[in-house]
Amino acid sequence: MSINSFGRLFRVSTWGESHGPAIGALVDGCPPRLALTEADIQPWLDKRRPGADPLSSPRAEPDRVRILSGTYQGRTTGTPISLLIDNVDARPADYPAGAPPRAGHADAAYQAKYGLRDPRGGGRASARETAARVAAGAVARLVIPEVRIEAKAIEIGGEADPARWPELIRAARTAGSSLGGLVECVATGVPAGWGAPIYAKLDAELAGALMSVNAVKAVGIGAGFGAARARGEDNADPALAGGVTGGIATGAPITLTVAFKPPASVPALGVTGRHDPCVALRGAPVIEAMVALVLADHKLLHRAQCGDGA
Amino acid sequence: MSINSFGRLFRVSTWGESHGPAIGALVDGCPPRLALTEADIQPWLDKRRPGADPLSSPRAEPDRVRILSGTYQGRTTGTPISLLIDNVDARPADYPAGAPPRAGHADAAYQAKYGLRDPRGGGRASARETAARVAAGAVARLVIPEVRIEAKAIEIGGEADPARWPELIRAARTAGSSLGGLVECVATGVPAGWGAPIYAKLDAELAGALMSVNAVKAVGIGAGFGAARARGEDNADPALAGGVTGGIATGAPITLTVAFKPPASVPALGVTGRHDPCVALRGAPVIEAMVALVLADHKLLHRAQCGDGA
Amino acid sequence: MSINSFGRLFRVSTWGESHGPAIGALVDGCPPRLALTEADIQPWLDKRRPGADPLSSPRAEPDRVRILSGTYQGRTTGTPISLLIDNVDARPADYPAGAPPRAGHADAAYQAKYGLRDPRGGGRASARETAARVAAGAVARLVIPEVRIEAKAIEIGGEADPARWPELIRAARTAGSSLGGLVECVATGVPAGWGAPIYAKLDAELAGALMSVNAVKAVGIGAGFGAARARGEDNADPALAGGVTGGIATGAPITLTVAFKPPASVPALGVTGRHDPCVALRGAPVIEAMVALVLADHKLLHRAQCGDGA
Amino acid sequence: MSINSFGRLFRVSTWGESHGPAIGALVDGCPPRLALTEADIQPWLDKRRPGADPLSSPRAEPDRVRILSGTYQGRTTGTPISLLIDNVDARPADYPAGAPPRAGHADAAYQAKYGLRDPRGGGRASARETAARVAAGAVARLVIPEVRIEAKAIEIGGEADPARWPELIRAARTAGSSLGGLVECVATGVPAGWGAPIYAKLDAELAGALMSVNAVKAVGIGAGFGAARARGEDNADPALAGGVTGGIATGAPITLTVAFKPPASVPALGVTGRHDPCVALRGAPVIEAMVALVLADHKLLHRAQCGDGA
């Protein structure tokens, strides 16, 4: 219900602004007795972290996560898990209070909605918020050990050959521009039966979860937009469905495709600051995290209605 | 929260099986004092109705809606509005209890989830459930008179010229096959500020809502999948964003594209019964209804947090 | 979330006005494969039914329930169960549109909230709505066969001896007045561990559920208000806690006490119509139903987080 | 929905254990542009704080709150407000891992539910969690400036004369015992129309909110349990209803009574540690906070459905 929370039973609430003192995630409803320490979360954050490779934003955030509650002697207790990540390289002074809304950003929309906004790097609208998603997603993975989730960029700037991406990204940065891209995500091991009909359909919730990631403009499952040109008999091929029929997992791999638009924080639009020339690369761990959150929630939802053995 | 309900504040729950006695929608949270009678709902149902044109399923359902509660002297009272549509042309005998799951359908997934299933025409998984969505969507429209929503098929079977669709659909039916298609939906008049950040993003909720419609396999907003091949400076064009930035409406038209797969109920897959050879045509009113439901909910959500004048 | 729904996972939404065509309950999230026909529900409705004994309202409602969805061959399918009860003895003409708000009733409050109201017998605020709760509660009982719930009046008009109640009630009716009463409810067989901490505490949710019943003004668990005069060492007696500590069931019987105020529909306040001179008697089945709804929901909630075997 | 969150639109999630590094509250859905700094919250925490008077627990917690997100230049931005309170005087070593469950506490129930528990001072079940409620309640007060909420103990150990309470409490402590008490809360200025029918009744939600406070065993509104002995004509007295009819505020003061049981942490039950001999005194600020949370949520809920002017 609340606008900064995600999930029904495995429920994550995130908070924090890009240039405030810290960001965080609160994980509620986690099953008890799972082994969990910071070491289970940190590697996933490291994959998403800015400054980790020369093609991403130069903002240097160590993104060290601390667990403030919800565990005892390295095990989850079933109570809320509070995760906190300090903002180390925040530079609020880079963003003066009176700055006009930046083109292609959420600045104007936030202003229209709230009548004021935190101008410091987009505030809450910054992609920095996705670090909290990744931290929560790492906990979600512990809930669904039977599932393997892997996302990767499959196209950058229209180019499918990864060997050419560094060159394209450097050229875009040099030109004061940025690039979009496609990310593919496959979840294997999802048991047949997870999911739910009608308004909690597994594919619907995955689509909503992925579209909630900054810069995502389209989501497809299975054949995706290609399904519009398929014929009835193509339904015999499970790849068309992509692992979900009627909103319920079939047991086949769940395949998703996501389109990221190019970042608007580019000199070509008059926007300065430290930003990524392509978010699709760093977006893959975020996509994985969101898929993990949806699946963990649906595992619990399925168990609630149908029991462990169903 | 519940799996057969949709929306937070303007909340719709639907019920009913394809070949049971009736289907229905329960609308909760509707503002009071809106003029509402069956005549406000029926025209939208008539647009979706099977048997209305020779290219759709021959099932003859008048889809007459009755309002059983929530109004007094033709005005909403703020209490739940119960809408009921009798199933007139149900033929449960067409679907024997022991029939095997149909290829490409949700039959096997329902069986895996629940350990039993209603085999009568797909039961709850039938596209007949979407009539209840359309009825509820008609009420939602009354909540958002400032908004105009229009969806239409823009491609059938890979063909963009509507003049050729009847021919293609008839050919597919004759061949025992079926066709997919693309539907475009535009919502104009959505005030800047509706929507919400992070997990209740307007585009995320629209994507989830549309992906929950039977046979939808992909959803895009603005440039959709095309955004993956845009460059940073293209963000200057509002069409890229499609009316939503940071999850919040900008005031520009909201543009959505949806891909419908071809129905699996085709002789080529050994499935008999009365079905549509292409659902994209009849799907447009359902898409409109879902968009109306999302927007009505977000109007109330925005008013809750930010007040009428914000 | 929605205002006419109850429960998280085993979720009930009710609808209908006292003098409209029908009332109903929609049950979502029910586990599949439970044996369920109208015969499982009707006996509970018969216990609550008006006109069943000479001490209650003379309104003659057969309260026959119909199951419109969610079952197949006498078993629940896991999809929404739509229950409908026709209003047979409605007399809308008894309640003219321009009638002033009745003293002690919700009429004025509804008018203040919604700017209009359904004047026909209190509309949605009528105790008739509780029939829908009882119908849903009957389904909830099937979800928790391990639990036995029994509520009974223990005091009417200040008198604890049931032998004197008929006389007191008749005297109150003759005097144009009405009586309050106390109802006690005991739930045995609730497994230790059901419930949840902090904001979903089992006792908190029971208190909320019971206070939502028309005319209830107080709720206590265990020692109830008597706990205010207990001493620390009395905590050694499990009766003080009443079966719940820290919001979680201990395995001991859960004991609740509820106070019903006297109905305000009395000639002494200038209110005519067909009403009960004491609702505590007919309220007991409603109390049982609400307890069943809370416990069914918490059984599923516990199973979601902790698994079947926990 | 989630078990550690409270409220629909003005939504609070709390986290933290009694002897962990910190506790906190996350406030989501707060209206934007409200003036808010730590100075608006701290005074309310100071009222609840242990060690503030010689009759309460000797645990010395300064309870300094920090706002980590959701404000900019001293105003709320509409994004989540993360509140953090460090645990300064935690003594985890006082609570060895293998300690048996304490009589009258939630220890055994947590163990039954989760299969493990944090033994350090009750972990999450500690009344220390209520500091987070008070912090969130301070924010809620800013949302409802039209309302005045005051709670106070009206009876301790069966004694209504406050002059005698210090003596009674000291005597109980000396005897290794503890005392229960009654707290009364009055909310004035609640506009007629706030609240909602049926399952979101204002009195039902207040009852649930107050019963969720540690050690509360009974809640009454208006005449409370006294209503059971009233007669129909007493409904003419607004004090019977206590400011709510049909679940909706009438505009009259809302009056609530709450019973606290005596703490079980007493030498007479073999429990050592630093504890309160009577929680009713320190409970009053917590009761106020919960009432503020319910009312803030209902203000937004009412505005959502009925608009600002309704």
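Note that the chains take the letters A, B, C and D in the order they are written out, and that residue 1 is the start of every chain.
Going forward, contacts are C-beta pairs under 8 Å (C-beta built on N, C-alpha and C of every residue); 3 or more make two chains touch, one makes a residue touch a chain.
All figures in this text were calculated on a predicted structure; none of them were measured in a lab.
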Chain whose mean Cα position lies farthest from subunit C: A
Contact-richer chain pair (by C-beta pairs counted) among A-B and B-C: A-B
Rounded Å distance, subunit B centre to subunit C centre (Cα mean): 35
Centre-to-centre distance between subunit D and subunit B (centres being mean Cα positions), rounded to whole Å: 43
Geometric centre distance via CA averages, subunit B-subunit A, whole Å: 26
Touching two or more other chains - residues of subunit A: 1-5, 8-9, 14, 29, 32, 78-79, 113-115, 124, 197, 301, 306, 310
In the complex with subunit D, residue positions of subunit C that touch it: 1-6, 8, 14, 103-106, 108-110, 112-115, 122, 124-125, 129, 155, 157-158, 172, 176-182, 192-201, 203-212, 217-236, 240-242, 244-251, 257, 259-266, 268-269, 277, 280, 301-302, 306, 310
Subunit B-facing residues of subunit C, complex: 1-5, 8-9, 11, 13-17, 20-24, 26, 28-29, 32-33, 68-70, 72-73, 75, 77-82, 97, 113-120, 123-124
Residues of subunit D touching subunit B in the complex: 1, 8-9, 29-32, 78-79, 197, 300-301, 303-310
